[in-house]
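Worksheet: one structure, shown below.
Chain nomenclature is as follows: A, B, C and D, assigned in order of appearance, with residue numbering initiated at 1 for each chain independently.
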Amino acid sequence: MARAAVLGASGYLGGELLRLLTNHPRLAIAQVVSSGHPGTSLAALHPELPALAGLTTVAGADAVDADLAFLAQPPGEAMKVVPGLLERGIKVVDLGPDYRLPSPELYAATYGMPHADPAHLSEAVYGLTEWFSEPVRSARLVANPGCYPTATLLALAPLLAAGELAGPVIVDAKSGTSGAGAALTAATHHPEAALTVQPYGLPSHRHLPEMRSALERLDTPAPPLVFVPHLVPVVRGILCSIYPTPAPAAHPDSWADALRAAYAGSPFVHVGGPPRLGWATGTNHAFLSVTRSGEAPVLFSALDNLGKGGAAQAIQNANLMLGLPADAGLTAAGFGV
Amino acid sequence: MARAAVLGASGYLGGELLRLLTNHPRLAIAQVVSSGHPGTSLAALHPELPALAGLTTVAGADAVDADLAFLAQPPGEAMKVVPGLLERGIKVVDLGPDYRLPSPELYAATYGMPHADPAHLSEAVYGLTEWFSEPVRSARLVANPGCYPTATLLALAPLLAAGELAGPVIVDAKSGTSGAGAALTAATHHPEAALTVQPYGLPSHRHLPEMRSALERLDTPAPPLVFVPHLVPVVRGILCSIYPTPAPAAHPDSWADALRAAYAGSPFVHVGGPPRLGWATGTNHAFLSVTRSGEAPVLFSALDNLGKGGAAQAIQNANLMLGLPADAGLTAAGFGV
Amino acid sequence: MARAAVLGASGYLGGELLRLLTNHPRLAIAQVVSSGHPGTSLAALHPELPALAGLTTVAGADAVDADLAFLAQPPGEAMKVVPGLLERGIKVVDLGPDYRLPSPELYAATYGMPHADPAHLSEAVYGLTEWFSEPVRSARLVANPGCYPTATLLALAPLLAAGELAGPVIVDAKSGTSGAGAALTAATHHPEAALTVQPYGLPSHRHLPEMRSALERLDTPAPPLVFVPHLVPVVRGILCSIYPTPAPAAHPDSWADALRAAYAGSPFVHVGGPPRLGWATGTNHAFLSVTRSGEAPVLFSALDNLGKGGAAQAIQNANLMLGLPADAGLTAAGFGV
Amino acid sequence: MARAAVLGASGYLGGELLRLLTNHPRLAIAQVVSSGHPGTSLAALHPELPALAGLTTVAGADAVDADLAFLAQPPGEAMKVVPGLLERGIKVVDLGPDYRLPSPELYAATYGMPHADPAHLSEAVYGLTEWFSEPVRSARLVANPGCYPTATLLALAPLLAAGELAGPVIVDAKSGTSGAGAALTAATHHPEAALTVQPYGLPSHRHLPEMRSALERLDTPAPPLVFVPHLVPVVRGILCSIYPTPAPAAHPDSWADALRAAYAGSPFVHVGGPPRLGWATGTNHAFLSVTRSGEAPVLFSALDNLGKGGAAQAIQNANLMLGLPADAGLTAAGFGV
């Protein structure tokens, strides 16, 4: 039984990691770290996880004694602890953004602070698992992708790789409010969030540089991307409605088959009709769809921002890094309703 | 045209007051006071009210020059400004709790602070309009009831007055999240509020002393009240499910008629089948229903916590205080959907 | 006092018409017609409208005796009764699609049935009020626009008229479920609709021909339109996120001013920050916003599908047709929350 | 590996059974039976269950070849097929109501049709697992309890058994809309269900006789029960707010401990603070809480109507009937958000 620590246990991604790990047959919870709530009984912090009621949170990364640490912390925190963890031989999956971008310069421009650990930034493997499984297997540091990039890239990568796209790609994303995290904000205050659809992140969203650089990592020519996220009044789930401009010689009628072929080896990425968000809730599954509006091709991509877009993909990456079966702990299915 | 000031314009009750006043044919907005956001354009504070786009908030109660002031402030604020307003001949409808309870002692015990204006506390008229319309007409200070007491008392008062009730009355109340106000809380954070029903205010809710003392004002024998509020994932509206213990000689089959008779003179209180919350949304209307579960009588009472349970009833009271038609500015109907 | 009849009173648009008319100072309800529920007390059909409790529905268009009839019926019904109504000197605002398209051929191709009244089809004025107010004033038959076309055209018409747009315009629309009507469907079954975002109307939506022909009526060069509607789990409201391709010489920085100028004379169309759906709920107001994502311009347009996108715009048109003030009965403001 | 058939696969309980079974380590899906959708690919019927994409539904109970059959059908269907299944040595867990009541007379009075299989009615074991585990282990026919009875009885049974309750018990239940099933109804039409709380099942709900007779099976003196269910705008989950009348010598301060003691041996029933519905979503867990309102004791009980209130408890029962570990296939935890 491999052993994992979870840092940032009081946030939503940390909670989802713990939820999934309580049902993981090969990876045990070694420590639960919460800087904000040290010394707290898990029974109080996560009453939804009775199996953990006997645990208590510990305060710092120094207390970690495990094969792998999951970091689910705000921007800027992971890069403070990663060097120490790696030094002590502890593998890391970082669910935050600290190691997702290719250069300290781009990180500083995007997150408004200098990168504290450029040495490991260049070592980190971008953990879009279906596309980087080989480097993930041998990585000691994986940057788990953001929820929006995961949803967008799973749909676009096969088509870009095949040269089917040109010109701008418009991504109109709809996200549940859990994606905005546990911090209280007016945008996620129920009376102001429940009856509307809120565009945000304009004129530029932090996930756009991540998407662009991920496409560079894939050696695909990245088209201009227009990305507009919206908060919708659901809790979990992202639906990306994607409006691509096909290349002159493209064959949109073949796109669904191209997506199926690209993910034939993955138990987690599926191609079919327009997806319902619940199908992905709590799981590592993503659902893709290709259709058209008039003559224009339209793609849909759905996943759970806390699942395949967060904690579940982190476990998928950890499984590879630890030599465990790819789907260990990730076999639960999503909801019909 | 009478002139009204609104204090506390940035809260939900203040916003609803402004919304209703923009459509009031006999009462104009004289000043908009916001201590938290003075000097703010209404176009920024309330973009949903284009008719007010040219106004700017002012800072203090001293700036009020009006026939009547609506106070929509947190507990403890109104009692600081009421003496000055009354001194200057400005009538007051206080939507907060400062003048709802009959004694400084009960106020201190309930709100955890001494009452700063006991002289006017005893003068204040409790503005459950249908039951206190005569004193409201001649009042210069009206304490507008809380949302839960309004919903509960409208259903119970006629039956208590007729001696139909004895023993405990259980009120299981379900409220939309706007009732919790604009302040950010975990209980009203969308991801934690949207998919559940949250009991709160236990073991004792501040509205219980208000309900008890209102019944005393009505000279009705008050039975033991058990009151448990729950937040439900809607924004506006309260449904009280009321389980009374009938008196030995009671005739529950006559209760619906008794309620109809009690409110025959009101354009705002209706008796029929189990109500839908939307019927009351944005209005001064309340909907009552009498039914039974097995042999046990059950009552339902529905209203909009920001409407009849707040800003709309405040305007109803102001209309009476200013000699305006009872329904002036309150003629809009609620929603089918 | 002018007198109006409402046909199709049991549907959501019919209910909203009745709700607004109960508060209209110059237009009274003459008859309520419901083929599906004739002889029904309004107290039963619309318990949210206590002011109408004394009315009873009548069965057929022949019973209409009024200055103007609002038709809120399924496709194919209006064209059966319009000739008779006009013959008897009764003006008509049709909220359904029967008279929105310019030719019987396009109607047949879009709605799958022949048009029964081509003579009046060519006479009908398209009631996008802000753009066709003069012909509406003198019309006896107005085709009230669909909710999506209203939201889309209000944003696009000024920019198209100014030659600012070229190439494709992508409209990603999010609509509340009331837009799908009162008929029970799996897509609007609460357990299947509440936790997701549902694209629909693919590969082609009936509103697309309406949008294209409306642009032709405006004599603007219509660019290719890609229109994808989604159901979101709110009840009322549409948000269109619009991704236009600017013309080579366009100045997107001036677009907000262009929109403001275009609607300077309208009390109902506003330009500002990204709108919240509640601002428009129950009203005739529409809210437009111009922003950008990176360098790409993005427009947002919000309204209530049953309000400006339906019953409220119908009353706006009726006001003009009957010589009443443009905002009569439409002065209520939307919700902050 | 034991083998199970699922009858009624197109309903919500059937879908949830399949979802849980795809992740069950000891119980495989042998056949999926759907009278309404025979010959349908599971890929079409349940796209959220990719693991079943290769299966096809079969039409009738005669096709069942399995160790155990789960029946998830409308009232009246199970009693037609149970005799044949038992005859062929196939154990049965019936999720519908056909075998829950103790006599054919009570069944006929409650469901309005004669019971077709009175012989097995008296044999059936009532599957409130924590209270009837021994008879369930040896049963060949288990009547899985309704969702409301499960939530109510788990809270009340220990207190009734201890003689702590007397006089009426009021149960104000709030249920998600999935409890009303997949059949389209006005009460579950999103525009009419999403913004309100709907009491229903008055004056008498079918679950009341089931609760009363379950208490008789427990040999506890059943107090008068007042049960009022409400639909709230969530999809999954039930919260029962329970207002009991304590016996004269009762000690409500000890009730939480009494509940903890009663369920010390169960991994699925927990006692703590007021529960959030999400904690139980998709699981077999139930959460109980004891608090008070003033001096009056109040209990809360939460579970997932499709989980512990349906499919998950059915699997818990099947595990016992087949000699499998009690928690096999039921180890997933609920959601924090």
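We take it that a residue touches a chain if its C-beta (ideal position, glycine included) is under 8 Å from a C-beta of that chain, and two chains touch if they have at least 3 such contacts.
Not measured: the values here are computed from a predicted model.
Q: Check every other chain and keep only those touching both chain A and chain D; list them.
A: B, C
Q: Using the touch rule from the top, work out which pair, C-D or B-D, shares more C-beta pairs.
A: By number of C-beta pairs in contact, B-D is the larger.
Q: Quick one: which chain's Cα centre is the longest way from chain A's?
A: Chain centre farthest from chain A's centre: B.
Q: Indicate the whole-number Å distance between the mean C-alpha point of chain C and the mean C-alpha point of chain D.
A: Chain centres of chain C and chain D, defined by C-alpha means, are spaced 45 Å apart.
Q: Quick one: report the Å distance separating chain B from chain D, using the average Cα coordinate of each chain.
A: From the centre of chain B to the centre of chain D is 40 Å.
Q: Note the residues in chain A that touch 2 or more other chains, in rising order.
A: In chain A, 12, 178, 182, 191, 194-195, 233-236, 276, 278, 337 touch at least two other chains.
Q: Flag every residue of chain B that touches chain C in the complex, lowest number first.
A: Residues of chain B touching chain C: 12, 15-16, 19, 22-23, 43, 46-51, 178, 182, 235-236, 267, 270, 272-273, 275-276, 278-279, 282, 285, 287, 306, 331-337.
Q: Show me the residue ranges of chain A that touch chain C in the complex, using the header's touch definition.
A: These residues of chain A touch chain C: 168, 170, 172, 174, 191-192, 194-200, 202-205, 208, 224, 226-228, 230, 232-237, 239, 241, 243, 274, 276-278, 281, 291-294, 296, 298, 300, 337.
Q: Applying the document's contact rule, which stretches of chain C touch chain D when the two form their complex?
A: 12, 176-178, 180, 182, 184-186, 188-191, 193-195, 233-235
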